[in-house]
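Working notes, structure below.
Note that the chains are named A, B, C, D, E and F in the order they appear, and that numbering of residues resets to 1 at the start of each chain.
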Amino acid sequence: MPNNKMPNSKPEKPAKAAAKTAARAAIAKNQPMLRSIKGGKGTAKPPSGKHDSAKHPAAPDDAPIIALKLEMAKLSPAMAAYFKKCQDKLGFVPNVLLAYAFDMAKLETFVAMYNDLMLGDSGLSKLEREMIAVAVSSQNRCYYCLTAHGAAVRQYSGNPLLGEHLVMNYRVARLSKRHRAMLDFAVKLTASPWSVEENDRERLRRVGFSDRDIWDISAVAGFFNMSNRVASATDMRPNAVYHGQAR
Amino acid sequence: MPNNKMPNSKPEKPAKAAAKTAARAAIAKNQPMLRSIKGGKGTAKPPSGKHDSAKHPAAPDDAPIIALKLEMAKLSPAMAAYFKKCQDKLGFVPNVLLAYAFDMAKLETFVAMYNDLMLGDSGLSKLEREMIAVAVSSQNRCYYCLTAHGAAVRQYSGNPLLGEHLVMNYRVARLSKRHRAMLDFAVKLTASPWSVEENDRERLRRVGFSDRDIWDISAVAGFFNMSNRVASATDMRPNAVYHGQAR
Amino acid sequence: MPNNKMPNSKPEKPAKAAAKTAARAAIAKNQPMLRSIKGGKGTAKPPSGKHDSAKHPAAPDDAPIIALKLEMAKLSPAMAAYFKKCQDKLGFVPNVLLAYAFDMAKLETFVAMYNDLMLGDSGLSKLEREMIAVAVSSQNRCYYCLTAHGAAVRQYSGNPLLGEHLVMNYRVARLSKRHRAMLDFAVKLTASPWSVEENDRERLRRVGFSDRDIWDISAVAGFFNMSNRVASATDMRPNAVYHGQAR
Amino acid sequence: MPNNKMPNSKPEKPAKAAAKTAARAAIAKNQPMLRSIKGGKGTAKPPSGKHDSAKHPAAPDDAPIIALKLEMAKLSPAMAAYFKKCQDKLGFVPNVLLAYAFDMAKLETFVAMYNDLMLGDSGLSKLEREMIAVAVSSQNRCYYCLTAHGAAVRQYSGNPLLGEHLVMNYRVARLSKRHRAMLDFAVKLTASPWSVEENDRERLRRVGFSDRDIWDISAVAGFFNMSNRVASATDMRPNAVYHGQAR
Amino acid sequence: MPNNKMPNSKPEKPAKAAAKTAARAAIAKNQPMLRSIKGGKGTAKPPSGKHDSAKHPAAPDDAPIIALKLEMAKLSPAMAAYFKKCQDKLGFVPNVLLAYAFDMAKLETFVAMYNDLMLGDSGLSKLEREMIAVAVSSQNRCYYCLTAHGAAVRQYSGNPLLGEHLVMNYRVARLSKRHRAMLDFAVKLTASPWSVEENDRERLRRVGFSDRDIWDISAVAGFFNMSNRVASATDMRPNAVYHGQAR
Amino acid sequence: MPNNKMPNSKPEKPAKAAAKTAARAAIAKNQPMLRSIKGGKGTAKPPSGKHDSAKHPAAPDDAPIIALKLEMAKLSPAMAAYFKKCQDKLGFVPNVLLAYAFDMAKLETFVAMYNDLMLGDSGLSKLEREMIAVAVSSQNRCYYCLTAHGAAVRQYSGNPLLGEHLVMNYRVARLSKRHRAMLDFAVKLTASPWSVEENDRERLRRVGFSDRDIWDISAVAGFFNMSNRVASATDMRPNAVYHGQAR
């Protein structure tokens, strides 16, 4: 997937760099871009030409971003820079970042962990990590994550059907043995974590995953079990722009 | 609970400070304290006088720490300092840290998020956050987290029975309305996140929780839904010393 | 929703007429339009201009239509006429009809019941019936029905988000009390039919549904509990064209 | 089972014929046999000698037929003829028909589909189709269908125990491999339709079922997942006569 | 219910007396009545005139009594007397007693507890205790207990429909508030014992149950949660005669 | 485990003897040792030196013993002797006995069955039976039984970790094949008794269990499914002393 054509939902710099950036007390001039956690400009404005805004004029169905009244904090320099990068690259700041932006420590740790897991070095491709995200979010019926990461699967794979399959029921996707084993593990870990045992890990090894890969599958599945719950607990709403991406 | 008498399972410095420390490229001399992720010295050595080691000589039941073969990385200076603090304050390094220590980025982001959530500023007391940790981990039947955080509840509360109640079935604990509502929310969010709605949040508000508190309850519950799964997926084993703490 | 602009997935003539038509041994010349139950022309051909076929050239992910080898039968005159109407109005014959077309008695009874329930007289609007279809299909995670009826909800409502909400988790949709009660009933009836009792019916009456409406809600929910299972049992695949409709 | 001795709960003419009859606008004089949907004569009157009516004088436990107030419509000629046939052959009109008789289109499509599925041509015997009906209805705990189709299994099989086994727990029946595979498939399809996959179909093929048979198993299982829910949603009550049949 | 007309499935003497009898080292001559635990004479022989044995000649479907090979022990004098009483009063020895008869200590303790709970002094009528037995056994889908205690409900109540309702889905029975609360409690205690709390007990008190009654409801529900599992674990088969009783 | 060092929670005399004793109308002078079912002396008084009572001064969290107001009855001579033996051997009377002591018939039948199952002759060791007790009680989340029998597993095994593993999630214990099969059977029988079939019994036979052993596994698992429910239904609280035993 050519990066210069399809807006990536992630910052260009990978995890570790972003984390450092965040923590390093960046020098960038610190001007909060968004005034309110409830419906910032970035929320409603889709990238021009990507979406027929006439049909979703104000997306009232998906505002405010969360059901909690939390004042957005002054962005730290690192986070201000990161938000600016999102705006430049994606055309919008993902709502989950706005939701966390009431507290810089929480926003920074979330961003650092997210970027390490989803964009850092791994034996799993970025698409594979997004596939796990969607299969887990489907098990948990998380609207925010299904929308944002469903779009990511469509983008990374160039196969819109794959995104739909994983949102609705990953078992209908015609997956390689590797991917089927990967998602079976992630979904079992989601539905009944107490029942995951050595034979489950062995099945992953048999299709070629290393022990480090197994950690990464587990960590990504675990991360979305966290994010799904924060999103559901707060009624988090995705940016409208995701719905039309890469259909 | 007097800190000087009961070894705390957390570093003395609260979340934000620890995170900064980690990221700030600490000056401490960087010497990995632990040679192997499978059964480091810190794992088996309980604080003297706390546990009858004759009865658990090598804890073979709970070694190795995880079921994945991952080489421990060279600790970053920040993490080396943090591990040293654990050793000094607690008498051991919690196994979860050893488990993450194969990769500094993962260890640092985990530590940063953990410390912010569990030890940072919040309308929830540290005990309340540990109570959520245990109730969630009981729903998910996570051995590692029930052991480590069950001990924390016993310590923070000074009430060993409360720890047992939360491990086994939080409904048998005689909780205040505030705490019952808090744990009902956390456990519902764990068992069926898709079903959490405004009336659930309203119930929290009615017993006095602010919207920021609701975020924190959700974030802590979410975090342990992640940790429980990483622990179950990797068969993570707690330090033997937890079992006897604060009985 | 103007019929002349948005291709309707239903024949123009309502249920009763269609049923009569089917049974009346129509005079239309009987020429099967489709050669094979596995990937008829109608499957892949989207209405011109509605979909970028370059991106889904042959939809190999969703072929064949079902996982059973069943020879398509000679269409009865009534069914030949009905398929022709689908082709003319929609630009394609829905795959579910092709799936049933191995046996005219089964196809005709399915069509008759479907059209009566979804398009016949009712106190429920057509949109409401499609909303039930999607909420039930989400509970059952039925790929075929979520795709086809998700598109119908987007079309009928003119609100793409509503379609997404119902596919993913109907509880996140901001529904009227009437619609929430309607879908709560349909989903409870799907998940635990044995537990539906008079108080459930009373809740529907309180938001204004008549006893006849309650029948219709039940019958539509029941119908999709049937269709979901026929589709899952046979691995039925939706026409590719649905995915892009009314986004 | 000799038809002339045991009243069959189905019309003598098989599915297709009945459907045609219904649709053909029969010439029979159109006189509604039943005045009210709530407890028609046919409901309470068991075949003479079959049941001790003194003990169930008016079956107050099982009246009215449904919990919705729906006026019975004038029977179409086809349906009047069909009801007369039921009365003649069975000694009563099954309550499910009375329940649907508020609307001729619904009654006719239900009868047409039912008769095609349960009495039409199939590689499955009529007993096998009834076995599926009962196993599905047991999973869904549907009182109406367990009663009516439990009686049918007892009648068709001449083995009263088989009826009881399937009502209570089909796993206790000592079934052939064919029948066990058939019911395992039907019950899995009922309990978790999303999880039915190719290996489930393969198991059916291995015990000798053709692809057409697999369709029929799926369609019958699907049909009762519909009927169970219509019955539960409306609190439908079976004719008292079923309870004593073929014990 | 006149005892002299309807064979009671219990010994004439109530619980406490029976227990004493059993333990008192009865004087009756000790001659084992049954030679084999697999299909004793008492199993197949229905009370004359109660059942058409031609239709169930040897009940091969329900033999042997259990799937374990256990030699029947020599009956203790007390148990020999008790079995004789069963034979005299009921016309057969219930298979559950034959199943336990491989060990006199187990048989005697089972009989003593059963008789105390089901026939001893209680604020619950014998019918009420049987209703609990059936509702619990339905939740657990226990063939043996549904058959034996379903017959008991039919007998005690003189209402065959009540027996059917409780076997299939107790929610369809038209119960008094007292009985509905009683069965709701018993079924909740069966399905999710961890969730039973003070408000559940309060609901029982509000419909008039004393604390002693609550104990008895709990103890009977508990007892059948035990018996259901012993029966399912051993594939225990009921005496054929139960099927036809009190229809 | 040397009996003279570790206080056994059972009476010295095995089951059968105790049962006989109870039933034989013992001659011991009948003096109720306990005045009230709510917090008898035996409840709070731990064996000297076993527990730091300063830390659990009155155990208000776990009093009264049950949530029902039931007057303790006059102990029968047999039960008075039995309670005295408990006091002498264990230093306390287990609360479950006090809970049943409102009625001598119930207390005696409970004691007789308990002692036969848990202490009588069996191919299962006493530890194995306690392991089943804890695994079942964990599935049912029963506070009383997890506490009392968790302590017994710690004592009998001399392995405190085993007790913790079984309380939290028996799958994390490193069990022999025999013990894993035994607990898998017991937990499946607890969670879904209807699904236990011949292949489950066969698995037990393959690891060396006899048919008599299978009975005993089933009976112990069944017994705790009963006791768990009586305990949960009555909010039964364990003696405080258990918490500290054999850590």
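One rule holds in what follows: a residue touches a chain if its C-beta (ideal position, glycine included) is under 8 Å from a C-beta of that chain, and two chains touch if they have at least 3 such contacts.
Everything numeric here is computed off the predicted structure, so don't read it as measured data.
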Comparing centres built from CA atoms, which chain ends up most distant from chain D?
B
Selected pair, out of A-F, E-F or A-C, that shares over half of its residue contact pairs with D-E:
A-C
Farthest chain from chain E, comparing Cα centres?
A
In whole angstrom, what separates the CA-based centres of chain C and chain E?
49
With chain centres taken as the means of their Cα atoms, state the distance from chain B to chain D in Å.
57
When the centre of a chain is set as the mean of its C-alpha atoms, what distance in Å lies between chain C and chain D?
25
Touching two or more other chains, which residues of chain E qualify?
141-142, 169, 194, 197, 235
Name the touching chain pairs, please: which are they?
A-B, A-C, A-D, A-F, B-C, B-E, B-F, C-D, C-E, D-E, D-F, E-F
Using the touch rule from the top, collect the residues of chain B that touch chain C in their complex.
194-195, 197
Residues of chain C touching chain B in the complex
169, 171
Touching residues (chain side chain F, partner chain E) in the complex
15-16, 19-20, 23-24, 67-70, 102, 105-106, 108-110, 112-113, 116, 120, 140-142, 185, 189-190, 193-194, 196-198, 201, 211-212, 214-215, 217-219, 221-223, 225-230, 232-235
Hey, which residues of chain D end up touching chain E in the complex?
55-56, 59, 61-62, 138, 141-143, 146-147, 158-162, 164-165, 167-169, 172-174, 235, 240, 243-244, 247
